[in-house]
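Next come two complexes built around chain A: one with chain B, the other with chain C.
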Partner chain A sequence: MTLAELTHPRQDYSYGFLDAFARRELRRRILKAIAIPGYQVPYASRELPIARGWGTGGLQATLSVAGPQDVVKVIDQGADDSVNAANLRRFIARMTGVETTTDTARATIIQSRHRVPEERLAEGQLLVLQVPDPEPLRAVQPDSSQAREMHADADYAQMWLSLYEQLVRFGRFMQGASYPVIVNRRYLMSPSPIPRWDTPALHQSAHLTILSAGREKRLYAVPPYTDVRPIEFDDVFFQVEDQAGRVCMITGAAQKFMDELPQPGGGSRFRISDTGYVEKLLAAARGEPTAIGPTYYDDQGRFWMPGVIRGRGDGDS
Partner chain B sequence: MAAPMMSPADARQHAAFTALMWALSYPGRPARLPAAGPDALGLIGETLVDLETGFFTPDAALAARLARTGGRGLPAAAAPYQFYPRLGPAELELLAAAPVGSHAAPDLGATVVVGCAIGQGARLRLSGPGIAGSCEVLVGGLPDELWELRAATVRAPLGWDLFLVAGELVLGVPRTTAVEVLPWPM
Partner chain C sequence: MAYVAARGGERAIAASEELHGRLSGPLSGELVRAIERQLPYLVDRVMGEGSLYAPELAALALAQTGGDLYEAVLLLRAYRSTQPRIAYAQPVRQGELRTVRRISAAFKDIPGGQILGPSLDYSHRLLKLGVLDGQNVELGMLNVELPSEQETSSADEHSAFNIQHSTLPAVADWQRAEGLLEPLPAGEPADPAGLPDVTREPISFPAPRAHRLQSLARADTGGVLALGYASMRGYGMSHPTVNELRLGYAELTLRHPVTGVAFSAGRVRVSQAEVVDTGAGKPGESPLRLGFTATIGWNEVKTIAGAMLDLEMSAPDPHPAHREEFVLYHTEPVESSGFCIHYKLPHYVTFGSALDNLRKAAGEGRREGETLPEATPSAGEAK
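Presenting the complex of A and B:
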């Protein structure tokens, strides 16, 4: 044995940037998060060369899971080309050597800020959601120690009360993004600020979802094929954002989650928020060979799994 | 700038971790580890254990290998990571004391890695998160009392999470999985 055999070539960074202890800790926490769906597992949340609040939670999860064979997609509010997404993607690629893509179907790891792609994720794909505030009880219980006790007791009465109060005061549920869900009939969970449109995508999904809050140092997961139910009453149902009458100004498509672009002089135009999906639709329109996967919502706005969004007539009974 | 390279040890631990992650995500579907037999248990230890946590194993050779990770050797009643190359009645008694966490911190429940045989032995029906409906697996080399003990001590969200290792295959049985031992058809 020679000294040269014992050393590796000099590198400026560890693989995946994180040191071995950070990586091992994250891996231990990720396994516990998968074993206890919806439970917020505390973790150390190391320093990264990106400020906390800019996706460091998701970034740490991605960096501890990614290997050279992975294909990574990073989106920010559906866009592959926003500054935040582009920076994170470049950093992940530099530190892990992964291939990057904008194609949802090709990606093995999809790190996302506040959206789930329109195309349905498949088995073996990992969705990493960046989480600003992991605590769904924050609005009703600002003390996080108390909130943890409430999770321990599965005491969500205040949450139901606040839902009822919204109904009495405004006639509907007012929560938009981060609509609270019950995971595996046990833990109340914030699905991160994804729009209500994306919330049903987590229910009985084929893919694994890891949600990670770097600033708040909490990590949680939704395993595949797990019940994720938005809180609702038996006679007043959770609803997704109504996309009816909105047509994408780029592709002409309808019944996908749209960005609203206010126009000078009033009025609005709409654009599909998922830019990777827009790319595919445009390529298909040009006649290029493109495999567009099945989407969560069809062109009539019906969710693919009947009975999940109740009270809309799309297959519920 | 070229991306940093994984060292051979990093690459093995990465492969082991992804196998554990997918095994736990899809209980009942074996994932492939980059090591087999006793070496697989050692590799899982190196992947998860370091000086920030502790372990227990009744196997002296494995204990020596795990000690090199920097992890503390702890009694079975306190160790977050437990490794049983063979599970007999004596080991089952130890496992009965394994930490199950508390309602305030269910993640303090232990991770238990057990050597077994997959594809032969008892017929188990698994259902719960990670499984579409239910699935059946054959797992041998384990005492029947293991499933009785698990039914008595594991009450999700409290409990320990099992990794069953046979050769280079690993099967995840998280605490949320309902395990039913099926009779053999006559």
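Presenting the complex of A and C:
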């Protein structure tokens, strides 16, 4: 036996890129975040070889928990094949040796920018959402020290006020994506810029969600089976984006979150935003054996868990 | 390597990077050495913002990015974040700096003297067009006798910064002795390993002084200048004077892990600026207040503007653009530039979500005379 045999082969970078101290810090912060659902935990946030603001928060969370046995899916705006998703996936695979997939059901870790997949996530799955701005109060209080005090006091009056103002001015709530939610009846939380269509998927979910903002150095979590409620009034309800009348030009499916594609002569066509789901629908249409999991919304646009979305006249309330 | 879902996107990435590389030409060790030797101020700026003193790596980063400053800084930072802490250097005192340039605007003369040193301050900003016609502009053609009796820095023997230097007392020491400034805290300087470290822990506000000075040291030069200039031009509460500006070499002193003997591991270029505020003396307090910024590398604009911002941030009720949180968050070069360019990423999901609201508001919910909202009310939405 020689000394060379006993030593590790040379590595340019640590496993998962992050050094052991950074990894330990992240894991501890993640545990704290899970213990206090919706609470923003500050962390040091190391620089990664990816531009800041391009998913470095999600990336640090993924890199700190991924092991060789994991199967990772990365999506951006619902798409596996966008350049940014491809780039992050390439980096994660290069640094951890994980298997990668586009199949939501097979993935143990799903890192996503701005979407939750259409197929329902299950126990044991981890959804990592990239977060540009962790502070749901930023629009009403840009000073982060004061916003922290407001969270400590659960003082969210200004949010209700802004909701009311929207109602008075426009006759409806005008918040698009990043619709603020109350987690576990305590903390106001930004669910990251997922569309409102995806917000109910976080409520009493079987999976764990970690939300991580690398640039802003904050991470927070929604543990499995935790209440996540969009802010709304008792008589005016939160509404998801209306997908009625939209048919996917590729699969012919309806009542999934659609990308709108403007057409040269005017008007629009639509395609399902979740490309992994589209792949499965196409495979099934070709008669290939495909296991399509249950989805959050059925073909009539009804959310799977009754009573969660109150602002729809589709009978599930 | 496990199965990777190879898609069109990955080929596009490779081709795009290749094209970028071809436009800036081949990389070579020669190019890197030329940048390191002949563009020291650029190398210094990248090292300062990258917060890693490594002239060769900074030159490589500049060469590799075709001179894109923010990309070069990010390269250096990403490399830095993989490096372990081997040891902590001993604190450097101002008076021990091997100073090559040192200016005080507060006094006509100061103990140790004013030293103009290397500078373009009094140069005529004329392009040396003759160079384009093949004329060589060499150092020495000015026929200026440079003093040579002082020792030269061995660490920088082959660099463009091979300049005489001397150790000089701090101007502030004299002011402290005169009772014009608060005395320094008594006792030994803090244990370097125990200092709050902004690269290892998140910053929160009000920030520890160490975090503030570290953030300024690695801040974006342009950003610090913009906010600092706003203060100088009239939005500031203070009316500072440059007490002392210094460029020099700091001895990197380590203690041997076994014997405990202090030794020098080399010298690094550093710059620092101290400004004094003459307008805010309260009864019972020292009449002058100090603002301070230091950085690795020689960067006069950043240290002067940073020192003024340091004063502003400590003022009781600064202008919103000079509050600590505002200054430190918004002058972070890697975060600000990264977030700026992230707007190139697709945002069609968030845009679609906003469009849903706008169409609905335009249809049902709109009242008589109400116009379509130009943007969604929440600023935090489509990022």
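The working rule: the second predicted complex is superposed on the first by the 305 of 317 C-alpha atoms of A that agree within 3 Å, B and C clash if a C-alpha of one lies under 4 Å from a C-alpha of the other, contacts with A are read in each partner's own complex, and residues count from 1 in each chain.
By definition in this document, a residue touches a chain if its C-beta (ideal position, glycine included) is under 8 Å from a C-beta of that chain, and two chains touch if they have at least 3 such contacts.
On a predicted model such as this, the values are computed, not experimentally measured, just so you know.
Asker: Sticking to the clash and touch definitions up top, decide whether chain B and chain C on chain A clash or fit.
Answerer: With chain A aligned, chain B clears chain C, so fit.
Asker: I'd like to know which partner A:Gly97 touches here: chain B for first, chain C for second, both or neither.
Answerer: A:Gly97: touches chain B and chain C.
Asker: Is A:Ser14 in contact with chain B, with chain C, with both, or with neither (first, second, both, neither)?
Answerer: Both: A:Ser14 reaches chain B and chain C.
Asker: So, A:Lys32: does it touch chain B (first), chain C (second), both, or neither?
Answerer: So A:Lys32 only meets chain B here.
Asker: So, does A:Glu118 touch the first partner chain B, the second partner chain C, both, or neither?
Answerer: A:Glu118 sits against neither chain B nor chain C.
Asker: See if chain A has more residues touched by chain B or by chain C, and give me that chain.
Answerer: C
Asker: Looking at the overlay, what does A:Arg186 touch: chain B (first), chain C (second), both, or neither?
Answerer: So A:Arg186 only meets chain B here.
Asker: After lining up the shared chain so the two structures overlap, which partner does A:Arg196 touch, if you call chain B first and chain C second: first, second, both or neither?
Answerer: Second partner only.
Asker: If we overlay the two complexes on their shared chain A, which of chain B and chain C does A:Asp274 touch? Say first, second, both or neither.
Answerer: In the superposed model, A:Asp274 contacts neither chain B nor chain C.
Asker: How far apart, in Å, are the nearest Cα atoms of chain B and chain C after the overlay?
Answerer: Chain B and chain C, overlaid via chain A, are at closest 6 Å apart by C-alpha.
Asker: Using the superposition described at the top, list the residues of chain A that contact chain B and also contact chain C.
Answerer: Overlap of chain B and chain C footprints on chain A: residues 13-14, 21, 42, 93-94, 97, 148.
Asker: So in the complex, the part of chain C that touches chain A is made up of which residues?
Answerer: These residues of chain C touch chain A: 1-5, 7-10, 12-13, 74-75, 77-78, 80-82, 84, 199-206, 323, 325, 334-335, 337-342, 345-350, 352-357, 360-361, 364-367, 370, 373, 376-383.
Asker: Which chain A residues qualify as touching chain B in the complex?
Answerer: Result: residues 8-9, 11-16, 20-21, 24-25, 27-37, 39, 41-42, 65, 67-68, 93-97, 123-124, 148-149, 152-153, 184, 186-187, 204, 208, 223-227 of chain A touch chain B.
Asker: In their complex, what parts of chain B are in touch with chain A?
Answerer: Its residues touching chain A are 1-7, 10-11, 13-15, 17-18, 20-22, 24-26, 47-53, 102-104, 106-107, 109, 111, 129-132, 156-157, 161, 174-176.
Asker: Within the complex, which stretch of chain A touches chain C?
Answerer: Residues 13-14, 17, 19, 21-22, 42-49, 51-54, 56, 76-78, 80-87, 89-90, 93-94, 97-102, 113-115, 132-133, 135-136, 138-139, 143-145, 148, 162, 165-166, 169-178, 190, 193-197, 215, 217-218, 241-242, 257-260, 273 of chain A touch chain C in their complex.
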